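A, B, C and D are the chain letters, set down in written order, and residue numbers restart from 1 in every chain.
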Amino acid sequence: MKVRVAVNGFGTIGKRVADAIARQPDMTLVGVTKTRPSFEAGRAREKGYPLFVAGSADVAEFEKAGLPVAGTLADLLGRVDLVVDAAPDKVGKENRRLYEAAGVKAIFQGGEKADVAEVSFNALGNFAAARGKRFVRVVSCNTTGLARAASVLRPAWGIGRWDATLVRRASDPAESKKGPINGILPTFHLPSHHGPDVRTIFPDLPIATTAVVVPTTLMHVHVNHVRLERAPADVAEVLAAFRRTPRFHLFAPWERVDGTPQVMEYARDRGIGFNDMMENVIWEDGVRLDDRDLYFFQAIHQESIVVPENIDAIRAMLDLAPDAATSIARTDRALGLAPA
Amino acid sequence: MKVRVAVNGFGTIGKRVADAIARQPDMTLVGVTKTRPSFEAGRAREKGYPLFVAGSADVAEFEKAGLPVAGTLADLLGRVDLVVDAAPDKVGKENRRLYEAAGVKAIFQGGEKADVAEVSFNALGNFAAARGKRFVRVVSCNTTGLARAASVLRPAWGIGRWDATLVRRASDPAESKKGPINGILPTFHLPSHHGPDVRTIFPDLPIATTAVVVPTTLMHVHVNHVRLERAPADVAEVLAAFRRTPRFHLFAPWERVDGTPQVMEYARDRGIGFNDMMENVIWEDGVRLDDRDLYFFQAIHQESIVVPENIDAIRAMLDLAPDAATSIARTDRALGLAPA
Amino acid sequence: MKVRVAVNGFGTIGKRVADAIARQPDMTLVGVTKTRPSFEAGRAREKGYPLFVAGSADVAEFEKAGLPVAGTLADLLGRVDLVVDAAPDKVGKENRRLYEAAGVKAIFQGGEKADVAEVSFNALGNFAAARGKRFVRVVSCNTTGLARAASVLRPAWGIGRWDATLVRRASDPAESKKGPINGILPTFHLPSHHGPDVRTIFPDLPIATTAVVVPTTLMHVHVNHVRLERAPADVAEVLAAFRRTPRFHLFAPWERVDGTPQVMEYARDRGIGFNDMMENVIWEDGVRLDDRDLYFFQAIHQESIVVPENIDAIRAMLDLAPDAATSIARTDRALGLAPA
Amino acid sequence: MKVRVAVNGFGTIGKRVADAIARQPDMTLVGVTKTRPSFEAGRAREKGYPLFVAGSADVAEFEKAGLPVAGTLADLLGRVDLVVDAAPDKVGKENRRLYEAAGVKAIFQGGEKADVAEVSFNALGNFAAARGKRFVRVVSCNTTGLARAASVLRPAWGIGRWDATLVRRASDPAESKKGPINGILPTFHLPSHHGPDVRTIFPDLPIATTAVVVPTTLMHVHVNHVRLERAPADVAEVLAAFRRTPRFHLFAPWERVDGTPQVMEYARDRGIGFNDMMENVIWEDGVRLDDRDLYFFQAIHQESIVVPENIDAIRAMLDLAPDAATSIARTDRALGLAPA
């Protein structure tokens, strides 16, 4: 029998997670919520996702737009085993009371503080820690990208220290109001909060992160310098480790992918929903090993990288898979990230 | 029996036209050409499109990249009825000699001058003019957008004069070298070449066009002021005319699409290949009628708008459809632009 | 004796108007206001401009920053003949009550509605209309640019109709929060409010304006198509008319200025304060005449174009100059726009 | 007696160095070269800088533009003691033969390889090394910024290791052709060449640099993590060291400078020529000390930071100052970077 899942908030993350749930063989998408009509609400209807209204939404407004409303968030919560909260940052915290009242399990996103949930989650990093839990938080896009990389490097060679500079996109592609248009904004919190956030997954990981915001919409880029505890044989050994790990995508030099515009063009060519790139992107040309000093870039698609993690979190919380590898493989096949 | 078609050049336009051909029930994609390996060549292989090499391409380079090469452009031309030339601007002109020598019909893109072909083409505008022709040129993205709008307005109300300012995207999303990053570049050719180019479809159309280039990658926007010869009853009559014409997509105010970022987000949600938006985009809020003065914006997706036009040009040249409406309907159903 | 002037609001417009006042031989800058400390407040102190606090400003905060405060806005108003209101849009309207209570004349900026003042103002357009007035509104940057052009074209050849598309910069260079980063936003008010706004200066001017917002910070560009009532002899006659009018700057083809980035580079080279470009910028290559059809581009530096207009408005309101030409000449010499 | 200096190349760097030379009490600017007319050549004439032509320049073209030509580069070289080569990257290398033939000393810019000169130069770093030399290379903008910071940190606390990520602006503000418009481009040379370049000034400095290119024109931003050998008492001690060093500019939190757009706005307010910011920019909020781990951002104005370094290099090569401190003080007073 399939588990019944709702998505509260049908925006950038929510619409992707909804699609991902709908594609899983062991899950049913019971409904999604919107607070006001929009083309995205229209798409929910076209895809056959029952539309519920959240917050102070005006049902009449939906009806005027020709969008039938199936009920309220409370109605929706009454019909599901678990809700994925994809509300704007900090709203998830408020929503938690509703989920508690309804007696449903809930997943929160990385825009919430860690204490919103019992455990912070990354599929490669700590799948087992979320098993059976009631409230789980999937860490943010940048933290997910770092946690995945840690999952590869730490067991293989140990991490003596790690300096990561996060070059962050300033807004998502669909946003029209946020800037800057021309300029670089340092994040004055030094080191940035991303290091401590990765340590919610890997306690004691010796990582120091810094961040700047730049005027692009496509992807974040992480610039990494890791001092490993043991030297890999050569850079090929490192590349092989990334390559065999799920949710890493490597570009070879002959593919002529010189930056994030070409990565996203690849994603458009590949054609997974929304032209997403849910994997950590590694350029083979962008990995360098000097004995134990490993340098590498990775690009992170902020809109989609947490989508498969949400799916795996559902499986962990509802005991749908015996271990991380099984869940990841099932998720990735359903999403087209791995061969069917 | 299906007609046999090649695509020479597998870049922004070529890869889209190739996919579109592969989806048509009355056409076979025999092969595509590349001049060097790239992730796009890799995608051709994954999609099962035989890969031929054009120009001075180095076959060994392809083999090293694991990309099997089926032959040369000459080989490919020997196996087809028609070739769609999607080479970079001005190269099409040179290629024409090869097509003549091979005795194949050819379609050129709007980056070529009009005299590269016997006729310039737009499906709504002059389908019949291309019937049986050997060399046809599909007009450029901006000209296609204007020609489609003329096809709606002229028969309905007559066009007394038309001022159009084309606000052009400076580069495509995948380009990393072209600017400007911050600034507006006027096109000093006044009025711009787009007016005369529309008149290759609609001779004597009283249109004056001007253009500026702006730092965005997503879409062009046309700002139109048309003095109609006869007054429509009201703006609703105009909107209805756009709405019932193929290859126009209207956004209602409730959809909250405030500019090109949201249009392309809609396209990602809709999920047609590459997240394309092959229709002229009209905002209902962006159409205003003052008696005979019609103002309207339209957004033009430079990467894809000519794709269905290429398909219809193939049908016209090879006599695969009795008229424009039949061809357009067939094309649009195959591409997902119209209900199947 | 010099007239005593205050500037309320020391932001983008206010700091420029303050500097301009300080340079006029017939005016004294008595003080400027800020609502909170910033590097701009620091510059006011370094330039010796007495700093007053407006609104709910916290004087202690200024003192902590080492910025001595000379008093409140009320104190400042008590010491001047006239105040230039350079508060954020719509705040000027509220401030008017304070100015009335203090019995001082006031100039408002174009972000306010026309009814904030007795008359809307442009120096070339209607200097005399502001003579002796108590409340005057200097029209916005775009309207000022259009009004100046109308001042040249209408008397010389008459204007039969005028289509202007305003390609607007989305934010000023110093802003870090406003977007869009990548996209074009149509202004859905059609025709745009700029036409009616020009008619506050030139009633009955047959102009229809449209606008889009684009991701750049440097300048607006106006794309103009004017149907003149009488044909100029040739384009040189038109260029000569622009050239001999104050506050127009023409670029010759040999100067290789291909767009707004190069215009602002010229402004940096020229070195007028803040690297401003207070003139309408005309590219000689960007003017085309077809009998009575005149096409031309003009670039408008949104940060500074209204600065000399504010100075002339002061002169008109306080009867410091017999006519527009005298005031403009005095202003432009003091600002470095004309030879000393 | 003043030394006689020429500037070969009057572009972004050359025009600034020319102005800087013209302001020094101990130098005479004999002339500058251009290869073709432009508004910048026009400014040279307006400033009274004799204009010479370089390369294959067409004198007739200059005359047609009304720009009198004083002679050729060879003529100019015959009249000077030293030439500052500000030609495009890699052209300096070719020019060196001309300088050798003319028997003049020459300064090259950081776009040339280190072996173009006898010594690479930074005023704070190794002034004495350039004393009396014939050919000196002023290191690039990024290297200059790093070398200045090393000059502060190394003597005070020792540098155990240094990770610097250079977030580079993709083009200068006046460029209209270079992109990317939307995207991040990693520099695949890992670690980047900047580390070895700093070691031309400070051999054995344990610095590892990485770089990305981002779509902005204003400034580079360096993200630094330095492991010091000895712990400073507190962050205030570090800030004090930066503050008392010439060519560092610190912004306090109350100045509300949140990124490079605001830094350049400050520069416009300050009003040094071209609105330049020749100092390393440090945000007090952007410096963090954890025992011996120092994190700090610095912003580097790529157009101007090397200008004072060129002036000091002239003094070193022609023995015009007894030591770095004297030269720097003289330069900075003349340029307005230090009180007169």
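What we mean here is this: a contact is a pair of C-beta atoms (placed from the backbone, for glycine too) under 8 Å apart; a residue touches a chain by one contact, two chains touch by 3 or more.
Predicted, not measured: the structure shown is a model, and the values here were computed from it.
Between chain A and chain D, the least number of touching-chain steps is 1. For chain A, the chain whose average C-alpha position is most distant is C. Averaged C-alpha coordinates give centres for chain B and chain D that are 47 Å from one another. Chain centres here are Cα means. That of chain C falls 35 Å from that of chain D.
In chain D, the positions touching at least two other chains are 173, 175-176, 180-183, 185, 215-217, 258-259, 261, 264. Residues of chain B touching chain C in their complex: 163, 165, 167, 169, 180, 182-186, 188, 190-191, 208, 210, 212-219, 221, 223, 225, 258-261, 264, 283, 285-288, 293, 295-297, 299.
If you check the complex, the residues on chain C that touch chain A are 170-171, 173, 175-183, 185, 215-217. Interface residues of chain B facing chain A in the complex, by the touch rule stated above, are 15, 36-40, 42-43, 61, 64-65, 173-176, 181-182, 217, 251-252, 254-259, 261-262, 264-266, 268-271, 273-275.
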